[in-house]
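Multiple structures are listed underneath, in structure tokens.
First chain A sits with chain B, and in the next complex the same chain sits with chain C.
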Partner chain A sequence: MIEVEELSIRFGAATAIREATFTIQPGDRIGVVGESGCGKSMLALSLIGMTPEAARVTGSIRLEGEELAGAPDRLWRRHRARRVSMIFQEPMAALNPLKRIGETVMEPLLVHEGLTRAAARARVLSLFEEVGLPGGRLRQFPHEISGGQRQRVLIALALACNPALLIADEPTTALDATIALRITELLVRLAEERRMALLFISHDLAAIARATRDVMVVYGGDIIERGPTASVLADPAHPYTRGLIAARPRAAASPRGPGERRPRLPTIVGAVPPLAALPAGCRFSGRCPVELPVCAGQRPEAVARTGGGGAICHRLGAESLTA
Partner chain B sequence: MRRPLPVNLMIGAALAALVLLVAFVSVFWTPYDHAAMNIPAKFQEPGAAHWLGTDQLGRDVVSQLMAAAANSMTVALVAVLIGGSIGVSLGLLASALGGWVEDLVMRVADIGFAFPALLFAIMLAAVFGPSLTNAVLAIAFINIPVFARVARAAANQIWTLDYVTAARAAGIGVFGISRDHVLPNIAAPVIVQATIEFAVAILAEAALSYLGLGAQPPSPSWGRMLAEAQTLIYLAPQLAIYPGLCIMIAVLGFGLLGDGLRDVTDPRLSRVR
Partner chain C sequence: MTTPLLSVGNVTRRYRLARTSFHAPRPVLTAVSDASFTLDRSRTLGVVGESGSGKSTLARMVMAFERPDEGRVLFEGQDLAQLAPSALRRLRQRFQMVFQDPYGSLDPRRTVANSIAEPLRAIGAGDHAAKVAQALDQVGLRAGDGEKYPHEFSGGQRQRIAIARAIVTRPALLVADEAVSALDVSVQAQILNLLMDLQDELGLAILFISHDLAVVGSLCDDIIVMKDGHIVEAGPASKVLSAPSRAYTKTLLQAAEI
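Take a look at the complex of A and B:
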């Protein structure tokens, strides 16, 4: 449905995404994981044609066969809401404070589907029901409802025109844990019921594990590992993925008895370098605990993982050669 | 806890309401016909029959001041509405499209700023003859760049917000977003500016009428009353003082109201009280 080939996004000398290639099929639920500033959001925005004006998008994005990489906004507009929709991180800020929430959700229906107001209202009511909002909320303003409900409104807005792909950019980050869980479950249910593809972007591995079947791990603009979510999380191949999984906070790591000290949370050494200062070879070189001399200068090739998918790492290449 | 309303807002609102009320009443009732001359009763002192006396032609001063208020308010309202709607539309357009359109609109607005209103009114008067309509057009014209600038600055801020991004992701076009999302959310600064421009328009109308480029006799105007009283300043100074006071009250009222509204709607700009 969406075929992305060698997609690169550059800002002047800085590279936000380097030659990403992947496809999304109807019904896929794909997670994108990585630290802040590694290009996750830019990747998502490129799939809906909303990268900032300064960004240079090269490569290929084919949406149902139509080539859209670097296409002008007016071409993209025809596909937004109807083919690709997106929900955002901050439900608090993503609703117009002066518009009733029902009106907000109605807008794309009036614009894209040319429905009458009465027909659009009926659709909004059924959408509200689908996302678990009482119909009585239709005439309320954003300040009258909670954060979780606002995210539900935004999901209803994104689903209004039955898109084939829903991009969720950190949809649960701004919500508290129990609400986040419900929203994640809602997204999975909607994707299954509608046979809609879901691209779920998060740095919350628990949410990714719950929401997705496949996952892409992004670091420094490269997709450094991909594969079935369960396999990647249980048996990470790339040292970065391993570091990411080791660095997640766990209840089991809490002190077990009186006097016992809480163990330190493992971390990945260093910080993501600025996009313009990324190493030319493996993006992770410089922070990698198992770095080889070749890593900084030469880009590793993709190597198949045992559980399916693949990873790009010189270590894996070397091991597979010796094995 | 609610903060008390600022003093300037309350004084401004009171003065502006007074002027608007007088203007409204004058449409239905004035003590005398404002244009009715009564030469034998000229230069009467203020008294029971004529509250503020009569002028050199025996016309009732209160009636003239009231009718002039209506004229002044109409001119200011129409001029601000025309200038405001064109200016806000241009500002929204500039902000929505960006790029060379934005540059063009804002540079033309800069030129408009450099263009004195009086000069434009004199030009219009020279071509079409002096009239109240031309005065309105001149004042409206000078308002366009002011509103374009305010609207664009406010709209540019709104365009960076998440709900605009969400609307774009829902496939709403730039004009739809400008109308449904940007315009309602820039209403506050635009209304503040409109109130301030209302005061400016009252002053401009008075100035143009004073110069004979606005209201033509017998249409009453504070500015024209001032001009007529000028030659009689030693004989009957009160005839110059009354319209002057009216202009002052009206301009001060709307000016303070605009400032007060700004203090309420934009806390960042409010002075420390």
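Take a look at the complex of A and C:
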């Protein structure tokens, strides 16, 4: 359905995404995980034609066969909402505070689908039901409903024109834990019921684990590892993925006596470098605990990982990571 | 038995909300209801709950930014609400706070050293330069970083600066309100480790407020879980996390687990 090939996004000399290749099929639930500044949001925006003007997009993005990489906004507008739709982290910022939420969701149905008001209203009611919003909420304003309900409104809005792909960029990050859980469950159910593809972007490994079947780990603009979510999380192949999973605090504690030292969390040394200062070879070199002399200068090849997918790392294939 | 460093006894805090109708009395929101706990030196107490559960109100009462309507907050045995303003100001160097958003809490026009020295000026302490340099060193920043401005640092480094400012007066208690929530996983781990190091080094007691049970589990000796202003569960972290008694705590745990 969507074929992305050697997609690069550059800002002047800085590379936000480097030669990304992947496909999305109907019903896929794909996670994109990585830390701030790794390029995951830029990747998402490129799939809906909303990269900033300064960005230079090269390579190929084919949406149902139509080439859209670097296409003018006028072409993208034909597909947005109808083929590809997106929801964002901050639902309040994405809603017009002066508009009743029912009106907001009705708008694309009137504009894109050319429905009558009565037909659009009926469709909004069924969308509200689908995302778990009481129909009585139609006439309320965004400030009158909770954060979780606002995110449900945005999901209803994104679904209004039956998109084939829904991109969710940190959809649960601003929500309370229990609400986040419900929203994640809702997105999974909708993807399954509608056979809609879901691209779920998050820095939260727990949310990725719940929402997705496959995952791409992004670091420094490279997809450094990919594969079935369960196997990548259980048995990460790339040192960055390993570091990320190890650094995650666990909801488990052992009692500590007086004067006893609490175990420290494993960390990844340093910080994500600015895009312009990324190493030319493996993006993770300089921070990698198992770096080889070749890593900084030469870009590693993809190596298939056990459990499906693959990782780009010079250590893989050459010798075992754990050695 | 020695006096606990911090003892919170049966505190309740109510807010009067805006009138919804001209005739009706103003509705009252009870943000914290009858909450009690103690915290000793070199220990960490986690306060877990979602937005609106009352955990930040509790923190503000511990910091004496707000007075409880009922109950008492005793710091080293002294009732904060009974202290004269000047005595409270002097005592403030003993308890300090770190907030979620380090960028919002640092003045962008001031050098980092200037911001870190702020609590020292507030209590009229001398020898700022040496104390600021020591605080920078303790949070893993270089002495030269003091001359820079907040925008020159990453989010994790800015949180280090905020922590340096909080420890510069040698407090006995650090209140951290969602101090690592805005940080990426790998940076979060670095800051959590820093808090553990500082606790070992300085004997700090930490009141650690978070919505994330996993983060709390990695750092805290004891946990209280708050919901709608009430403490619904309390106990040693190992017990609360391995055998939560409340359905609500179980849901929070489920949210934190892969």
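Some notes on this structure:
Keep this in mind: the second predicted complex is superposed on the first by the 308 of 323 C-alpha atoms of A that agree within 3 Å, B and C clash if a C-alpha of one lies under 4 Å from a C-alpha of the other, contacts with A are read in each partner's own complex, and residues count from 1 in each chain.
To be clear about the criterion, contacts are C-beta pairs under 8 Å (C-beta built on N, C-alpha and C of every residue); 3 or more make two chains touch, one makes a residue touch a chain.
These numbers were taken from a predicted model, which means no experiment stands behind them.
Of the two partner chains placed by the overlay, only chain C lies in contact with A:Ala209; chain B stays clear of it.
Contacts of A:Arg248 after superposition on the shared chain: chain C is touched, whereas chain B is not. Once the two complexes are laid over each other on the shared chain, residue contacts for A:Arg194 go to neither chain B nor chain C.
With both structures placed on the common chain, the touch criterion links A:Arg62 to neither chain B nor chain C.
Using the contact criterion defined above for the overlaid structures, shared-chain residue A:Arg121 touches neither chain B nor chain C, since it reaches no partner.
Within the superposed three-chain model, A:Leu98 lies in touch with chain B and out of touch with chain C [touch as defined at top].
By the touch criterion defined above, A:Arg10 reaches neither chain B nor chain C. After overlaying the two complexes on the shared chain, residue contacts for A:Arg137 are found with neither chain B nor chain C. In the complex of the two chains, the chain A residues touching chain B come out as 48, 50, 74, 77-82, 85-88, 90, 93-99, 107-108, 111-112, 154, 157-158, 160-161.
The part of chain B that touches chain A in the complex is made up of residues 161-163, 165-173, 176, 180-181, 184-185.
Residues 35-36, 176-181, 203, 205-206, 209, 233, 243-244, 247-256, 258-259, 261-262, 264-268, 271-272 of chain A are the ones touching chain C in the complex.
The part of chain C that touches chain A in the complex is made up of residues 42, 50-51, 154-157, 184-190, 192-193, 196, 200, 211-221, 236-238, 241-242, 248, 251-258.
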